Amino acid sequence: MEDQSILQMRNISKHFPGVQALKNVSLSLNKGEVLALVGENGAGKSTLIKILSGVYKTDSGEIVFEGKGTEIQHPLDAIGLGISTIYQETSLVQELSVGENIFLGRQPMKHGRIDWKRMNQSSQGILSDLGIKIKASQSVGDLSVAQQQFVEIAKALSFNTKIIVMDEPTASITDEETEKLFEIIRKIQQKNTSVIYISHRLKEIFQIANTVMVLRDGEVVSCNSIEDLNELDVIRYMIGRDIGNIFSDKSYECEEHILFEARKLCRRKKFNNISFELRKGEILGFSGLVGAGRTEIMRAIFGLDRLDSGEIYINGKKATISNSADAIRNGITFVSEDRRLESIIQGFSITKNISILLLKALRTKLGFIDRRKEKTLAEKAIKDLSIRASSTNELAMNLSGGNQQKTAVAKCLSFSPTIMILDEPTKGIDVGAKKEIHSLIKELAHSGVGILLVSSELPEIIGMCHRAVVVRDGEITKILEGEKITEENLLRSAVKTSIGLASKKDQT
Amino acid sequence: MTGVADRNQIRKTVRVIFFSQTMLIILLSSVLLMTFLSPNFLTLRNLFNIVRQVAVLGIMAIGMTYVIIGKGIDLSISGMLSLCAIVGMKMQNYGFGAVLVGAIFVGTLCGLLNGYLVGKVKANPIIVTLGTSLVFVSLALIYSKGRSIINRTERIYSFFGNENVLGIPVVLLLIIALFLVAGIYLSRSIYARRLYAVGLNERAALASGIDSSKIVWISYVVQGLFVALASLVYTSRLNTVRVNIITPYVFDVITIVVLGGTTLSGGYGSLYKTFIGLILFGVIQNAMGLMAIPYEFQQMIKGIVLICAVVYDEFSRKRRMSE
Amino acid sequence: MKKLLLIGLVLLVVAGFAFAGGQGTGDGSGEEKFRVGVAAPYMDPPYDAAFWRMWDKLVKEKPYSDWEIIITDAQGDLNNQINQIEDLARKEIDVLLVKPLSAAGVVPTLNKVWEASGKTLPIITVNLGTDPAQIPAVIAHTGPNYYLQGLAAGEGYVKYLDAHNLDKVNYCILLGRAGSDATNLRKQGFLDKVEEMGASDRFVLLDEQPADWYTDLGQQVAENWITSFGDKMDMIYAENDDMGIGAVNALKGAGYEKGEVLVNGVDAGFAGTSLVKEGWMTFVVLQSPMLDAEGALHLADKLRNGEKIEEFFNYIPSPIITAENADEWLPKIKETWGL
Amino acid sequence: MTGSDMFVRGKKNEKESQRKVEKKLSRDIIEQKRFIKFLLNQKLLILIVLLVAAMAIKDTNFFSLSGVYEIFDHIAIIGIMAVGMTVLLISGSFDLSIGSVLSLTTVIVMLFQERGILISIIMGVVSGIAVGILNGLIVVKGKINPFIATLGSMLIAKGFALGISRSQTIVGSRAEFIFLAHGKVLGIPNPFILLVIFLLIGWYILRFTKLGRNSYAIGGNEHSAILAGIQVNRSKFVFFVFCSLTASISGLILASKTNTGNAILGDNVVLIVIGGVVLGGTSLFGGRGHIMGTIQGVLVLGLIERAMVVFHISSWYQYMLRGIVILAVIVLDTVIERRRREML
């Protein structure tokens, strides 16, 4: 087994101001092994791989690569060794062609000039190997998000890499594409290339990983072969306690009063003829494939994108929402799926982030902001949502993902909206925080707020929503009620097929 | 938990104070240096000179601070100043009130134009304002037919340019008043909070229901307003106006704002900083004059000072971040 | 939307040309006209504005009114000017009037276009002269002589000192835009004259600073002088009116009385001359845009009539205007400067 | 578990229609882009055609070969600088100091004429490059916003030029030196030739060298450029030096054209150069741009200058006209760019 070993990280420690990110973490990886790295946000996963890929330097500990102790000072060192990393945020250059992106920084040269022909051919080769139907000469700017994700993977594979680190590769691609990704991973596994795979989606891990290593608060809590584990074990390890079913079923009813009604909303090439209504205290789920147009609908309702046609009624009255300010005025708030860039302002303190929606309410006689009120507001929110932060003046950028998301939600709560749009509120968030946010949403609904919940996780939709709107190719295919909301029904209307049942029969 | 919080709190505040003071320290030390180098530097008269000389720049720097915090920049202020001044002077026959109204009206219009193109159309501010500056200059020339216009109004007008009340220059009082008002507004008001938000992250601001284009737009109007006010001081100080095609004003004003420590990346800065920057700039310029440093090298020194200032500022910010 | 914008852009440009084109002088059509090309350095500084106002006035009358006159404006950019000189030369003009931005800077280009025209194109330099030895192309020069103005200023001050039997004065010089010929010549002339009148020891130079011809900068520099030299400074030699006005503002601001510190101007604009009348300025040296423009047109007319230009240098007079004769000049000046 | 398994399978059968949709979507997106690209080029072509046509009516010998030569001879100084600026802007930087570099070069060249023309030229170029190095150091090492950094170096360079020339106009002492700009090869004016050479250099760099391609990466997405192992700092540094080099070549030409050196010669070239480059479709935010666009942009500006002469446009309106053209172009670019983004 030892000779099989390609990478050993021994007693890695890393300290950041205020937090010990990693404590004596040791990791061992064999050739052709797929190691899944799991843990709550802020558990140290990202820090660990950033150290491995040379973005951070370790405070202590050593890295042994192919039996030799090595120093990884710079991303280039890592790449040089054959360790390439696919980060969550795309690292592609929109302006360049696919081929150039794959060979960025190491373009093939022929007598002193770039050999375009060869570059395109070889990159086309790589792409077709993975069965990706993209032209190498195409400009990345023209590709869809999922397609770009693929180019990323192709790029990583194009290095003669011995280890590929994937940080949440499936966060923003469809299951179909996930399947393809797994095929690829298995392929490269046979080539004796190892994979370190980070994901919050336990199901995936059990499909693909050989070993699962669980981090908590910067320490390794378990590292076992996949056979000796089941999902609940992993969750237990992750959050250090046993939580039963994540999704307690809803035991309450929503009122009849119709808060919000959308009539025939259309936006060119995004969605059309979207009509639905939202009752007081209702959680209305939006299900469907990634890219089906759910997010676009929400953005349009909130006035971030303009509607080409269609009407919106709030409490029966026609409302004109031409920009987000109008939406807020109508009591609608919005938590975007893009936490880093949209939900919160990284450069603002927690306080400022939370108060930003109700500055008007905090106005003093002179029309200035009442700092004291603002502070108490923030303190309350931090207490209610148990946001982990050193103080109310902590900059948002210093918070972990989960806490950032909580702050975003807190922002909307403190505004006490009548309608709340939540776009993938639990995306990339650890199980613990997830549960808290779920119960939060339910409390909200109890208090009479109408909630539009966009989620790609079927269990979330099933567990949370009174009704579920299924969107496909920018159109509503079905609106499911209460008990009718099942994976089967959701998927049927999401993908339009009758074979779903048949396949089920095959299994039984 | 809270204990830790408090300690961090204290550490932070201390640090913040220290860093904001360093600019002040630089200023004071340079003043000290000058008093040794030139005997009549620390005379009341000279200090008043400094104020008089930077008054126009200072008033424009207030507006520029707003614009830069909103992640913009305005290179059209020279042209705008000429236009406001010319129009103002043309109004003088109808009395001081007319001058005031005329200048402010024009300034606001110019601001509206810039604001529309940058805020609403979202065109690049550098090119837009370079373009509009040409338009403003052109209008000023056409309107004045290229003549210089002489201030022939009653005393009240030339009054706050060069004269004193109780031995204190009127401009000094004016500057202080403007900085106080605009400063408090920038640190406390709702609009300002939104301006910072937009400067830091426009998308997030939008998602929080802030009409970013309107916010940016307004910031340019504010700039226009302050340029108009500056033009009043300018004309009443010079008693004659003519269109200056190439004035160093733009770069001086930007230098002042940056000297203070406001960064062009947007979302960061304050008028307190700008004020320090203004005085520092004034001291340096005045010092060079007093020491009869040849004009050629004055520019050079300005450049060096500017670069040192920003480099130092960047360094200190890194420190703050790493802490 | 895009289309609209595109059309809008095109229209803007067309309209711009059409509209602005209307402002120009002369028209392409008609029988063989006497074609005059004029290369101007800039038109916006007050003096030049006045110059061109006078020019436009003059060319409305015979004989100039039936010439075709093409004026280019380099807007202070030497590269523009030499390009425009070439452009003009291509347009089959009968005479080229050049108001150089820099005396030496235009020499090669002038020679070039002259060669290109088969050494036939007559070129006249206006306002700012070039070195005739260097440049056979130029047949004549007309305009004010900055050096002479310097001399006049020197004479003016020396005379003033004698008249008020002041023995010695400490003085500062407000220079124009650094590097421009006027700046250097007006200073040189002043010094030479003082030298020539054997009074150099009576003028003690404290400091000299350029203020780019601008009032505000002049004022700033003067204020600093007042602080650093205080009452030691008896006189400020300003190389043009605007800077002189700035100096006067500074003196007023510092609570000086009229005549305590001697200030002058060069140009004799309305503001400056009024200050002379009020007694704030000792004198201004006249440089009349009217005469300047006249001189240029006059020479061109001579060429048209096939007359010979005897003198190479045709300078316009630069008399001194003092408190005594200010009144008789003021109306003319007011008229010239269009106030 | 079973349900979600089926979820996956069900989707397999969905693939076809899914793909169709995707294909269709991306196809008309591409069409849209083509249309816009076409429009973008058309914008400049229309301007050029418009101007040329308009002038051809007024100016009889406009279409003569020498006429064409002359236009390019005139835009050479701006054009050469525009090449350097294009590369710099693509890499997401910005240079205000080119004007000062230009004037500094003219001064230095003239000061060193006694020592022989070659030496003077070398010294001129070296001085220009020195400023470029200064810019590079401040921006790369000091991590300073290029706008401020180059603003500072602009003041320094200009001050230095004023200082050493004692703010005089320095007249050249060597007649031969004039040949550099006024001479011709095979009837083609030298500046034109130099312009073409630099355009080719710029085009080659941007198309066929790693450095050039990297500039797109740096301007487009610096983070990934770093991850791709590109020496971002070194590249930026080189671009600044290159930009200053072009400025100082233009300085040589201007010095030779006027046979003088003066510290105020380049006072207002920055706007024209950047205007021309942006006109040519190079993004001020970096990542996008090409030399062909730049030359078109510069040509348009040159033609406009020319048109001002041809149409006797009064100077007061000339500022207005330039301003309007610049504004119109930047607005058009912005709106089209936004449409493009919305379509993705």
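For clarity, chains are labelled A, B, C and D in written order, and residue numbers in each chain start from 1.
Basically, a residue touches a chain if its C-beta (ideal position, glycine included) is under 8 Å from a C-beta of that chain, and two chains touch if they have at least 3 such contacts.
These numbers come from a predicted model, not from an experiment.
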Common touching chains of chain D and chain A: B
Longest centre-to-centre distance from chain C, chain (CA-based): A
Chain pair with more C-beta contacts, B-C versus B-D: B-D
Chain B and chain C: spacing of chain centres that average the CA atoms, whole Å: 34
Whole-Å separation of chain centres (CA-atom averages), chain A against chain C: 70
Separation of mean Cα positions, chain B and chain A [Å, integer]: 44
Residues of chain C whose C-beta touches two or more other chains: 42-44, 75-76, 178, 210
Chain B, residues touching no fewer than two other chains: 141, 146, 245-246, 295-296
Where chain D touches two or more other chains, by residue: 162, 167, 263, 267-268, 315-320, 324, 331, 335
Pairs of chains satisfying the touch condition: A-B, A-D, B-C, B-D, C-D
Contacting residues of chain C [partner chain D, same complex]: 1-2, 5-6, 8-10, 12-14, 16-17, 19-21, 23-26, 28, 40, 42-44, 70-73, 75-80, 82-84, 86-88, 90-91, 102-109, 112, 177-181, 183-184, 210
Residues on chain A engaged by chain B in the complex (per definition of touch): 17-18, 302, 304, 323-325, 327-329, 334, 336, 338, 341-348, 352, 356-357, 359-360, 363, 366-369, 390-391, 393, 411
Parts of chain A lying in touch with chain D, wherever the complex brings them together: 75-76, 79, 85, 87, 90-96, 100, 104-107, 109, 113-114, 133, 141-144, 174-176, 179, 203, 269, 289, 458, 473, 486-488, 491-492, 495-497, 499-500, 503-504, 507
Residues of chain C that touch chain B when the two form their complex: 42-46, 48-50, 52-53, 75-76, 178, 207, 209-210, 214-216, 219-221, 223-224, 226-228, 230, 242, 245-246, 249, 252-254, 269-271, 274, 337-339
Residues on chain D engaged by chain C in the complex (per definition of touch): 36, 39, 42-43, 46-47, 50-51, 54, 58-59, 61, 67, 70, 74, 77, 162, 165, 167-169, 171, 178, 181-182, 254, 256-260, 262-265, 267-269, 305-321, 324-325, 328-329, 331-332, 335-336, 339
